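Next come two complexes, and both contain chain A; in the first it sits with chain B, in the second with chain C.
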Partner chain A sequence: MKHADRAKSLLLGLFSLIVFLFLWQLLAVWMNSPFLPGPYSVLTAFFRISTAGDIDGYTLSSHAMTSIYRVLLGFLFAGMTAIPLGIFMGLKPSVNSVSSPIIEPIRFIPPIAWIPLAIILLGGITRYVFLIWIGAFFPILLNTIAGVKRTSAVLVDMAKTFGADSRTITFKIVFPSALPEVMSGLRVGLGVGWMCIVAAEMIGGDPVGLGRLIIKYANLYQMDVVILGMVTIGIIGLILNYAILSTERRLFKWRVEVRA
Partner chain B sequence: MASKILIVSVIALIVIVGAGIYFSGFLFPQQTATVRVGHLTGDLHHLALFVARNQGYFEQSGIKIELKEYANGPLLMQDFLAGELDFAYVGAPPAISARAKGMSDPNAHLPVVIASVNLEGSAIVVDGSIESPEDLSGKIIGTPGTGTIQDILLSMYIRDHNLTLTKSPMSISYLPIEFSKGTINGFIGWEPAPSIAVVQSGAHVLLTSKDLFENHQCCVLVVSNKFLASHQDLVSKFAAAHKLANNYIINNPAYAKQLAMNITGHSSQLIDLALSHIVYTSTPDPVSMKTFLHAMIDLNVVTTLTHEQVDDFINAFIDTRFI
Partner chain C sequence: MGPEIVLESVGKTFKSGKDTIEVIRNLSLSVDDGKFLCVVGPSGCGKTTLLKLMCGLLQPSSGRVLVKGNPPDPKRNRFGVIFQEDSLLPWRNVLANVKFGLEITRNKTDIDDLAREFLSLVGLKGFEEYYPHQISGGMKKRVAIARAMAVDPEIILMDEPFADLDAQTRQILQKELLAVWSKFNKTVIFITHNVDEAVFLAQEIVVLTKRPATVKAVVKVNLEYPRARLSPPFISYREKILGYLHEEITAL
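After this line comes the complex of A and B, so read on.
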């Protein structure tokens, strides 16, 4: 993209953001409800919670950092389990046949439905990690399987002809070939994991975390802080998504889908 | 003459039979109105609601109740403000903060207290590592959610005794579970949650809400201001049924205990302990509600009122005409 086009796109984005904020403020003034604060009230809440902290003394950055830590930990476990399993299931159709009847129904259970079980069986950070893991695991797994299956049979046959063993084929041909799909799975998985954070932190127990901040202030009917928590979740989600997307673009410049 | 007597007799007979049919409700059965009533999950404070239902007090007043259950008071009040409930059994602080926040919104359904449900009725239960209130410092203590009466009581106690502890807010049903797992050192909750931890997990009662704030107003019966304006007769009947039920609890403790056992599924020992912490009364206590509101302003739970406005606010909040 040329610099002029990039600047134009940036200006358009900025313009739409200003229009959105203006319409939001207009709606807030028109409704005149203490339950729909305008962007200015949310900005004021941002400064208040960032400096003085919330009702329990936790600042916005401590809420955000705690949530990011929990999400990344859950995401890390999801990647560590889903990628090897996905490769194995993609390579061995028999493993796929055996595991599908178990995995397929489980992937339709929303993370929030796991909350009561997580509370009974797990404690501390492990319950957050578990709920984020369950949200991020399936997109990574399914994309990895798809990536493995997409590997060119010609490349595999050629490697076999040259005497490559199955370990070499897996690590030198199949895995690199599946990497673009794996990255897409990681990006989707991180997005889902991030969305699970509110549900995970709703479990309670810890007074810190963006989900907890939202619920805490919803209980106090202070919607400016509730919206602040929502906006923070959105912005961090966007940054994390952008970080993975940039990595994907750098690693797989050769892919048409990535370039687009 | 004979025909005149006959006509008068026939008319008299028609009037007598007609009146009999009318007053027996056979021809014009009493109109039944459905009202939406909110209450909290497994809260023994709200026993009057179940007594009134089981004893048929609502039915006799021509009221059909549609019950809606909530995990805590602030959650209930969110639905209340949106007009999803007509009446609610709820802690005084969540009702106060909801009214304080919603006052500037003409569309909000503001709560009006028409009766008390109970005084006191909460307790702090802890594990063996805590023997005195001073030991609470540095410990993790669960609460049934930010803004609940128990959360406010604990915050007031922390402030007054200069303690530093970590509050761990969660759903009331999870508090005894988390305690039994050792995730928290103790918790404050409404009955029977503290008694569950005592009987099932070896907790001990550190402080009851009587120790924290003697005779404090706990749960109140609130009605929506909009519903009150348009259905004063129904509000009057509902309040009368509630008062009758609270009196029945006081006069028939054995019945109250059995009902509490039936609706919670807990043992006789557990219910005895739980009920010993609750004072059932229908007369609201404005003094303790003012104390709560002052504390809530200090704790930044209520940000829309000043201390000077407290008296006027509470006077407008409570309507004792129906009790």
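After this line comes the complex of A and C, so read on.
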């Protein structure tokens, strides 16, 4: 029963994808413009860039790998800073009230606004890592704080009656109970970081990266490669999101909601 | 054997905004080693606060709480506390939940066998790998009891542990609790608002007044275990306690 449902929804999804590609191709044929290539031209561009590389010789996979590497590095730093800070801020309301006047306004500066500063002050990989960090940091931080605050008082009391010290309570009660929120923070953070990298690469100097690929071919008015870059970004974002989601499902078997 | 727990004119107030709420006033009590004591009182009278004072989760505002002659300290005393609410860790399976207390109180080597032993004691052999969301409310309470008993507590404190269960499960767990108690002979403080439960379980029943709570009466229950709920002495004990409670409730 469950399997049949899944197969059915998969089939339905595939069908709507085919319809979408068909309509897109139809639109391209009807407009007959070099600036709106259809899916077929994008597919040929895919094979061309994947094998022969772009005008500078970089293949699609090296563009993608470079972008993924930058994002994962920045994401790693964001997790390493935001999770401990979030636990600390969630546990100590006094820390929260000291730090929120600084953090709250910064949170509303879009990562893209940091790009000029990053370009001037930082160089090489640090520039990208910084921008990803800015983008991924706040979703992770805020979710971690929320998760920590939601820790059940009964569980903390229970641990105390066994003589648990605050270290044990933090690591064995607070952190595991906040983990679902931390993970959804990581998922959102990775998504935001992935979107920032593309913007950063468009402006940053390196000739490699998916954002750079788009800009290079936009300047040449070769929209098939531009769309190829866009589609690649979308698909990789989807895969990254799915990777975290499936980790969540595996980790949180104990949560009834996630299994649905 | 001296008294295990002594409360000397204990008072407890809480601040709530501008108001101070007096929950316990001038409450004195002593519990002997190995006794099964039930505390009953009108709902909202501060029974849970009393329990938290006894295990050191709260400090008295006035008076003294002594466990074996010293203020209670869970790092030194070993308490086995069973909460009214579900207190299992939802991310741990049943076996790992029973091991939680042992991880804190013991070195890590022998805890697996101990945890399994106490699980089978409460009749949950075979459920080691289940997660809390997969078992019933009564089974969760059994896991909590196994977790508390496994650390070999000096004192067992239970806060309306069976209140959320259906009547049948409640009666079964009451019998099992008595069996476990007579086997290990620990001091038990059992808080309940259920008079029937108190007369069934306790050697001694402490009746509290309405808030601010103090001791209204102490009733010794001189009945052999296992007790028959329909026997005339059982019913007369029940009537007596209910009478005390009724005075408190109508005095509201």
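A few remarks follow.
The definition used in the following text is that the second predicted complex is superposed on the first by the 259 of 260 C-alpha atoms of A that agree within 3 Å, B and C clash if a C-alpha of one lies under 4 Å from a C-alpha of the other, contacts with A are read in each partner's own complex, and residues count from 1 in each chain.
Note that contacts are C-beta pairs under 8 Å (C-beta built on N, C-alpha and C of every residue); 3 or more make two chains touch, one makes a residue touch a chain.
What you see is a predicted model; the values in this text were computed from it and never measured.
When both complexes are superposed on chain A, chain B and chain C end up sitting side by side without clashing.
In the superposition on chain A, A:L155 contacts chain C only, with no contact to chain B. Applying the stated contact rule after C-alpha superposition, one finds that A:N219 touches chain B and leaves chain C untouched. Contacts of A:D206 after superposition on the shared chain: chain B is touched, whereas chain C is not. Of the two partner chains, neither chain B nor chain C is touched by A:S166.
Once the two complexes are overlaid on the shared chain, A:G123 sits against chain B while remaining clear of chain C.
Think of it this way: put the two complexes on top of each other by chain A, and the tightest Cα contact between chain B and chain C is 49 Å. Overlap of the chain B and chain C interfaces on chain A comprises no residues.
Listed in rising order, the residues of chain C touching chain A in the complex are 52, 55, 57, 73-76, 78-81, 83, 85-87, 89-92, 100-101, 103-105, 131-133, 151, 157. Contacts from chain A toward chain C in the complex involve residues 154-155, 157-165, 168, 172-173, 176-177, 179, 252-256.
Across the interface of their complex, chain B is touched by residues 32-35, 55-56, 119-120, 123-124, 203-207, 212, 215-222 of chain A. Within the complex, the chain B residues that touch chain A are 72, 74-75, 77-78, 81, 94, 97-98, 101-102, 104-105, 107-108, 142, 145-148, 166-171, 174, 177-178, 181, 183-184, 299-301, 303-304.
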